[in-house]
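Sharing a structure, written as structure tokens. Questions coming.
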């Protein structure tokens, strides 16, 4: 019952520290507020240790990394580990440049990550050391499909076993795996890919879900992924013919604002393998 | 008559220099345009002195401060003081970290501030040297209520007397005080707290109002606060049932776009003590 | 037939590297997605060479420049030149400060620019070494009008001849010139000036259009300018009475999302001199 996970977020209002890119940061803040949690952003090395200490969870997103913010990611990540806060890594553009790939690997090597969330090309890069990321979007050749699904489920579980992190691979079909179990999620709409930052938004939601559901982390991540996808479906149902990706962005966040456990339980489409 | 203040903004179109956080900066720019003023953003030490010189007012917001932008805040603030431009400080997250608290105090100590605008936890931090800020949101234990109102009015006037700045404390009840008088404002909606940056937006509006009304600064700040709150009420009236915080954000800025002196005078809810 | 240019963007999906300001970056990303291209943002010196290498075009916007990002602009620009990628410069605020003016000139002197797009005050600054920019907006005294149109067309052609760049001067009347020909474009709405970043958005669209139409660059830039203006007209037609600049911003991006060659060909209003 994933719906309980969302109710727990609304009950506990976790404060989430985000070190994230400046492209989609406003949407990340609004989506965290929409789910009933609170966002705070800080990426200055002298500030992040204290900020992360007053929070319940940390979201690290390398979408517009620079040398200063990389330092902040490391400091905040280590402090969060000390405090046993859940930490998520969103390796935006891993595979697109050496700096992004190496930063993601450096974070994985030095910080215990509760969740790694990316598109399939980014995750393949982390597993294989190279990938065919097309900028910040996944390469179609990499996609999770009905045909390669069993193989990809194994791939996700194996990577989870190796890293000790829950692995969330999002795309047309989403996978959320630990070493034992994998949620296969079929919520969402293809048009979400035409909005910048729906992945970043999800990476902001997940730490809130995990902080609010410490004893069922895998379910919490799956609930966040289903919430985002279902919001994409609900948001689309309110879209008028002349409206496009910009209004759709708002409709999705609006749908999360109104999401409750019952709606999620009725709308979530998943199986577990 | 607060309405005149808004008409003066639309007549004089002041150019406002903003050194503000990257989370809500786009909304700050759009709300300044909505009220009929013009925004410019610059946070590079080598650039800010000239940029602030061509402006009429300065908005300093420490929401995502870093060492470079702190330096810029100091340079721009001093230059604005030289030129007698109104300067506002928004001490976002003061109390949440030492860097934020100390930066706010450093700015207060070195720059003559026309206005300090924050939530009650941030303002208490500046007065007492410590506070119970919950990240960037006020602690409920600190809230201005009908019960502690007389006390809080005195608190605001005393802080104004000490600093020489107009003090704007915003929350469910807003206070705008100089050492003699305090506007108690009851516009606004609780749901505004579910949008990131309504406080930052107000901090962008206030310098425009003060620059356009140099001989009635207290009224100008009160007018800006009433405008934001009233826009929150008007925006809510246009919200459909399925719409949430993301669309609400747009509706508020839209309402400011259409705000005029008459609407403000009819909708402003305040008393002066 | 400008419509073909838009169809070529949708067919080829060019990846555009943007080094742009943090005020309007989210809208730039969404408008690039709306036209069917893909955005990527990176402004770290250690990252930009590789990122620009995987892209098809580069958009340099100095709206919130700092010393780090200026270095990145130079690195990315030179690499793009090596790879023969189209490069655009948006000299935001040139004339408003020495740093902005000198940075724009440094970029012009060291990087082969396919397109320079700015408002008339910014472009005059680049031509004359000084201008009367009002912050990031054009001075009305500088405006392109029906009265000075022949003169301004010559001005644009002469500047194009001197620089080897296509010159796009946008305002109430838009000019898009190479040394031989000038498109005079009368699409758009005055209200677009009340939204932050419509110019930045256009500067994100143009590199996508040029990358997708390498053999008809002048037409490609004109098509992008007409697309933005026409979207402003279509977006306005969907605006309700109580809606203002914030919703209008979304409506414009939505209109670009639905724009096709036929709509553009029917709605584009231009002449060539």
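Order as written gives the chain letters A, B and C; numbering starts at 1 within each chain.
In this section, a contact is a pair of C-beta atoms (placed from the backbone, for glycine too) under 8 Å apart; a residue touches a chain by one contact, two chains touch by 3 or more.
Remember, it's a predicted structure, so these values are computed and weren't measured experimentally.
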| item | value |
| --- | --- |
| Numbering shared by both copies at the chain C-chain B contact, with half separating same from different | different |
| Magnitude of the superposing rotation for chain A and chain C (Cα, nearest 5°) | 120 |
| Interchain centroid distance [CA atoms averaged], chain B/chain C, Å | 33 |
| Where chain A touches two or more other chains, by residue | 22, 26, 249-250 |
| Touching residues on chain C, where the partner in the complex is chain B | 21-24, 26-27, 63-67, 93, 96-100, 134-137, 194-197, 242-247, 249-250 |
| Of chain A, residues touching chain B in the complex | 15, 22, 25-26, 29-30, 33-34, 38-44, 46-47, 50-51, 54-55, 68, 234, 238, 249-258 |
